[in-house]
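See the structures that follow.
The same chain A turns up in both complexes below, where it pairs with chain B and then with chain C.
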Partner chain A sequence: MPSDMTVAVTSQQQHRAKRGVAFLRNTGFQWAVTVVLAVLVLTPLLPMLVQAFASAPLYDSEWHFTLSNLTLFVTSSALWLATWNTIIFAVASTVIALVIGAVTAILVGRTDLPMRGFIGDLFIVPLYLSHLVLCIGWLTMYAPGGFVTTWMQQLGMPAWNLYSMTGMALVAGVAQAPLVYMYCLYGAAGGTGASLEDAARTTGAGRLRVLWSITLPLMMPAIIYSTILNLVAGLEMLAIPRLLGKTANIDVLSTFLFDIGIDNPQPNHGLVANAAFLLMVLVGISLFFQSRLLKNAFKFTTVQGKAGRNKRVSLGGWRWPILGLIFVYMLVTLFIPVGGILLRAFTVILTPLVPLSKVLTTANVVRMFEEPRFFLAIVNTIEVGILSAAIGTFLCLALVLVSQRSTFRYARVVDGLAMLPRVLPGLIVGLGVFYAAVLFPPFGWIRSSIWILVVAYLMNMIPLGVGVIAPAALQISRELDRAGRVSGADWLRTSLSVVTPLLKPAMAGTFILMFVASLKSYTIAMFLFSPRTEVIGTSILLLAGDGDTGLACALAAVQILFTLVIVLLARWLFGVRIYG
Partner chain B sequence: MRKDKILGAALALACGVLGGNTVIAAPDEGIVEASKSENQLLVYSNMGTDNWNPLLEGFNKLYPWIKVETLNLGASEPISRYEAETGTGNASADFIVTGSISDWIRFADKKLAADYVSSEEANLPDWSKPFPGIYTFSTDPMVLGYSKLLLSEEQQPDSFEGFAKVISENPDLFKGKVGSYAVDGFGGSINWAFVREHGEKGWQWLDAIGPSVKAGDGSGPMIEKLSRGEYTAVYFLSGPVVMPKMETGLDQVISWKYMSDGTPVFMRGMAITAKAKNMNSAKLLLDYILSEEGQVAVSKAGFMPYRDGLPEDQLRFGSLEQLKKRIGEDNIIFINYDRNMLTGFDDFTKRWNQAMGK
Partner chain C sequence: MVELTLSGITKNYGDVSVIRGLELEIARGEFISLLGASGCGKSTTLSMIAGLEAPTTGRILFRDRVLASPAEGIFVEPEDRQFGVVFQSYALWPHMTVEQNLAFPLKIRKIAASEQRKRIAETLELVGLTGLEKRYPGQLSGGQQQRVGLARALVYRPQLLLLDEPLSNLDALLREQARVWLKEIQLKLGITTIYVTHDQTEALSLSDRIAVMKDGVIEQLGPPSDIYERPATPFVAAFVGSSNFLPATVVGARGEEIRIDLPGGQAATIISRQHFAGGEVVKLALRPERLKADRSDEHDNVLKVNLRRNVYVGERFSYECDLEGQTIQAFGERPLPEGPTELHFAPSSATVFMERTG
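Now for the complex of A and B:
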């Protein structure tokens, strides 16, 4: 009877149908992820491109295409001066960060420095703090009229001027040094080259020769990578040039953007968009060099199966003096500025000219909690942080699954799109999202809610999240995927039930990293915040600019406290070590 | 309905008693009724929440159902933000209070103010209403500020002439340690009015102090730097910023003085916006601020009220009337909506830069 046949046909049809459904499900998911990513990354870019060639702000109903922005831009001497200053500032701060970071990495990683574990933990603390907060600390203590400055002058020491390019580069360099340290420590200074160093020593090379010919070349990839990251950070830094450079009339591109785009009655958006592109080009060039240099630098990488004892270089009699020097450095660059913030939060003024007991006050802290604006800023910061970190973690997971573990035709496109935000400084992400929200009606409704911040933060933090999840996913063998597929699960099922659970620790790390990053962020929100959507970072920058230093320090103290709690919780509860 | 009327009458009466001899102009019943069905009133201003609190306290006693949200921005922002937001069809402010001459002129020219005549109109001086729909919130004096730690009493004169003299006589004490506004925006209009009033003599003073001046800060940073000893003196310091701060303990380290030979007084403007969504609530707020009780609240907020006949014992830092008595009406320099400023500003800036040695 045909019944058997029917059954066979039906089962075949069912099988086909099932495969069809699975195909739809899988490619559907992959396309959805790609589209979300493309919208997130590209929508802020396109309006900026249009704005660069528009005669009036895009929100004006009447504008037409023009090249006049470009002409204005090319002929603006202020802009060229700002560009030049930006390059000097970025290079100088990068060099300072490099020297301090690399030397510390070698000392902690390769020598018998006492208490090196503790020093290592302490040295990366500035990474948790935003430049803005550090800068305010420096301002309170070391600016003209600052506590330490005045004190030193009273003691007859020569005066220094923090309001200068040197001052700016110093603060930025110190703030960025931990990044160099981290990369170098986990690069070669961590000890992979110990046996090579031994080999060199046995052939008669002196200590310095070994350092120069073996250790440093081994550190090259780490140095190049962190140098470029710092260069990019220097290019887009806003707080330090804004708070220190303004008095000395030193403009950089970011402050130029801030002044003409945010702090201006009639922003010239054409010029803003052009300057924004210039900044992106500079960042892009830096990243291009990075990829070129790293290609060559990796030829030094050593791969060996033999585990050698990590022999440390003896510092001899210099052990303790060097330790002392490092403690002085930490005192001057970290403890005094952070202490200054805490003290200033509880005083009317902070100067050695008036005894502390006379100026103590709780007014700053009271104002912070009583004025709805600032309290709301704290609440918003936490909300935006949780939302963007949570959504960001899942988005990055989806991206990695598609780009790394699927046969999706455009997997490489996804990969490229995910890394694109790296060339976009935070200020520009904010600007782009602002334009997009103005131009594209679907974005309009988020304009006056914190979701506009969430979207911008998300876009900005994708490379960060992918940077954590992608390497973790690489370590999961593809045999597991195949096992899942063989057992009958489709791609999506395999990804979600097999790969994802194994990525849980990486996801926890991503969440914490993104949350901390959003806590300390301030540049992205600069173009975006509105009545009820201020965040701690924007409030601090505005307050500090208005000379309301006490309140700015109170908010900075809150930010430091939150970050500290989260970092410690993450470490104790989940064993997640950010930057470690 | 009737209950409300009685309550309104009682409140008006109560205010009349509290405020002295003039009774607050009875609010239009229709406006009051209509305000009840409106939403939160959104105000853009260049003032802080602590400035707004005394005003809103009084306002909400009269109209407890009106919720007011204030957004505090830079001087130019309230108007440019309103333009940008209404330009994109978004919701924006119902009411604006800020001090930026050029922005208000543009606001008036673009006819962005609501066409409403305040019920207090008859009680206000003519100069206080520069354009239709735009009123004056307060008249804020610009003063001299000194570091008490670095200067003796004799080195803290109360006139600009004395100020220029003490600086030229003690160059070491003041070199690079005199703060003020630059001439973009707010500072530009102060300097403009100052020189317009004093003429060549004003330029001579600025020439004399120019080499010592570090211009570019706002009043907040000036006070911060003055209190830390980074600056020894500042000029054209905003009264409403420095005076309330003295009460927090800053009087230990700094002092401030009116200039007896000419104190610039800034007219802070306010208006209901043409596209206000909560028009009736905004009208009530405008009328309240202009009323006698409202002007006393303006004083409590730290600003200088300008209505004549205010109860002096209730004022925090005095009124324009008192300032006139103190330094003479001729020595009040109004920083008003001078259109010449828009056209002659480039030449002015050049001359100012020359004075500053730039």
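Now for the complex of A and C:
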């Protein structure tokens, strides 16, 4: 008997000790993830909120709370003008994107348009390229003095001016149209509505009536959602206003912030923080309207037992003319600008006035590789991309595991924090990380290294990664976790051995998506880079701003090439389709 | 010897209470079924025993070890309970082969590789799946997956086997075979088993005892024959098998024999263990299969009904009858002439409930 009791006591003690270790492993991991996320997401925000009410830059030790920034804010007519311009720009570009994107979605998704699969693939190509790259392309071809502009003038066509609000909105709208297309195509245009359309036809509605009364209303959630996304994108867009609006003296909030906050020997930090805050408020309002508008989304939910046999609307004799029109659109908005970039990268000057053979040069490309600054920018871009995509993928995995698959007390907080950066425009993230790095000593060392970019990109891309991994994880039955637990594995072991392997495809997709996103990104970097930490995007924007278009185009060509290689590799090697 | 004790168990999700005071004792080696409609709390009960859910109040005891007791701040994590669970979806890990699925719990227990192989081979032989070690779950049929699910729950020799509707995803024929096979394995291993199901046939044919659950409480606990022959409540009478209910009034009682008045001026004699006083309003439950067209015993009661329709249902005829506006169903082997007819039932084949219990 005594020996039995000893055994019992020991087993109790062992059990307690084991529980202690298990607690450290599981709850410890969950807390660690939460703290990393909170630091990552909140550190850039807090200093900016304080700065808005500080009398002097926070890094001066002499500052106190004041409301004078707000009065400055109220009295600065330049800021108000910039705000007004921002709203016009955002709304106009959104409307253009909406019309082009929704119409194309209906044509590709619901009609018998010839070659629609190819058109569909082609139409989303701008999603892979940054606004900056597209804008450079437009600049070389359609700006005053650009190749096409000059050519048209020679032919006696009326001149246009790309350096205007109209030009800005047009380029931004065209760049954003694929986003609307994507949402509308997978929203309702993609065929779920086919039987509903048939039902309307049988009740006596004509083809156009069906389009207007059934197809379009079914697309409403997609339209609303993409509209809000585009409005937010319009608010934070930096490249297009800076490259196209500067000459015409059109300032928007993003350029205003950049000029007074970064590109200025004596930045007015209070005003910057206030303007940034205003931008956040605008974004917040947009998202608020989205949630209100989508509240009744069930009205648009298509109830369906079987997949509809996607019966397409016949375009009849219009099939080929419409196809021609789309090709002209793709030619004008994509092929000519991208072709312009490639040509301009290998020429001294690009104009129809001088034959191409006389201006061909490799000087731009040679300079790009010889000047350490630009070569470093290319290396940095790849390094930042790989680091942020790799860390980001694992961080998002950990976030989803904690928020979705654990009983962690603050799982919902983790979820909320992870989605918070969605409300934050890229330039706020850049600015916020900039303040945080200046302010918090632990961040000081990363200021002069590419890690500051990695940190800012990570924060910015968390919602993107969670957006891929979370739905994939939802597809994995919870009974698989439960089976792991009752088999004897603790939460962490279950998460790593059972859930994680099943998420591998989603993780590969996240990595590629994040890598492409970081290749595209330039806004955040514009607020953070230092001479040793330039990336391709910042170099292009600075070079183009200085009028060094040839070199800017060479770098843009490199970026296009990288993106192309990655997208094709992802598609062929892993079967990952980034958008779709 | 009592193996598992649930006492005073409640479970709330916010304001919704799913389990409302559950008491249950399970003996070693016993096969017990939790039977009930969806939402009755049977799966929640199983989850609490497995440790996948924590009770709001109450105590779960396995032998002399407290598994969960919120009042004492005790909760043993599922991985520390050593129970085997078979899930409704089988929950086989799709990225692991059959062998790897079975090896996972053994690896966690740091069992040597040679011993692992031996146990996996033994367990697969037990469930009749030898030779399928290298297959992935996606390459197996539903019946095979279900066997792998059971094998994985048994391979680490658990102290308790918990089954959550393990046969509900199989088609009818396979389900019947699996039932026989499952019972054989349980008898061979002698493992204490708790079986959750909404299928009365499964519960009746497999169990030593059945706990019929409704709205988070046990309505009746007893051996299958008790549940069927002597349902404790009208709900049990209707849920396990089916029953016709008739309003009745007690006229008088003599020992276990009760005289009751039925609608339409009819009367019957019922044998009941419960005591009823004269004048009491009661409810009579009659099973359709115990209502006969022919009178086989002189003590049988006669029920005059109006036969509306003979419905042919393959193995038999169903008589749809009417008694003072109440629908009465009975079964027989031949069609009866429509119109007024007589049905018969033995005094011991009917159950009388006090009206308030329904």
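Throughout what follows, the second predicted complex is superposed on the first by the 577 of 580 C-alpha atoms of A that agree within 3 Å, B and C clash if a C-alpha of one lies under 4 Å from a C-alpha of the other, contacts with A are read in each partner's own complex, and residues count from 1 in each chain.
By definition in this document, contacts are C-beta pairs under 8 Å (C-beta built on N, C-alpha and C of every residue); 3 or more make two chains touch, one makes a residue touch a chain.
Just so we're clear, the structure is a prediction, and the values are computed from it rather than from any experiment.
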Determine, for the superposed arrangement built on chain A, whether chain B and chain C clash or fit.
-> fit
Check the contacts made with chain A and report whether chain B or chain C touches more of its residues.
-> B
Of the partners chain B and chain C, which touch A:Ile88 in the superposed model: first, second, both, neither?
-> neither
Touching A:Leu46 in the superposition: chain B (first), chain C (second), both, neither?
-> neither
Pick one for A:Val348: touches chain B only (first), chain C only (second), both, or neither.
-> first
With the two structures laid over each other on chain A, which partner does A:Val498 touch: chain B (first), chain C (second), both, or neither?
-> second
Mind working out whether A:Ser477 is in touch with chain B, chain C, both or neither, as first, second, both or neither?
-> second
With chain A at the apex, the angle to the CA centres of chain B and chain C, rounded to a multiple of 10 degrees, reads 160
For A:Leu287, decide between first (touching chain B), second (touching chain C), both and neither.
-> neither
When the two structures are overlaid on chain A, which partner does A:Gly146 contact: first (chain B), second (chain C), both, or neither?
-> first
Classify the contacts of A:Lys246 with the two partner chains as first (chain B alone), second (chain C alone), both, or neither.
-> first
In the superposed model, how near does chain B get to chain C, counting Cα atoms only, in Å?
-> 51
List the residues of chain A that touch chain B in one complex and chain C in the other.
-> none
The residues of chain A that touch chain C in their complex are 15, 18-19, 22, 477, 479-480, 482-490, 493, 497-498, 501-502
Along chain C, where are the residues that touch chain A in the complex?
-> 50-52, 77-85, 87-89, 91-95, 104-105, 108-109, 152-153, 156, 162
Name, in rising order, each residue of chain B that touches chain A in their complex.
-> 42, 48-50, 69, 71-72, 74, 76-77, 79-80, 84, 87-88, 90-91, 100, 102-103, 149, 185, 214, 216-225, 227-231, 248-250, 252-253
Residue ranges of chain A in contact with chain B within the complex = 57, 59-61, 143-146, 150, 246-247, 249, 263-267, 348-351, 353-354, 358-359, 361, 363, 367, 371-373, 438, 444, 447-448, 530-532, 545-549
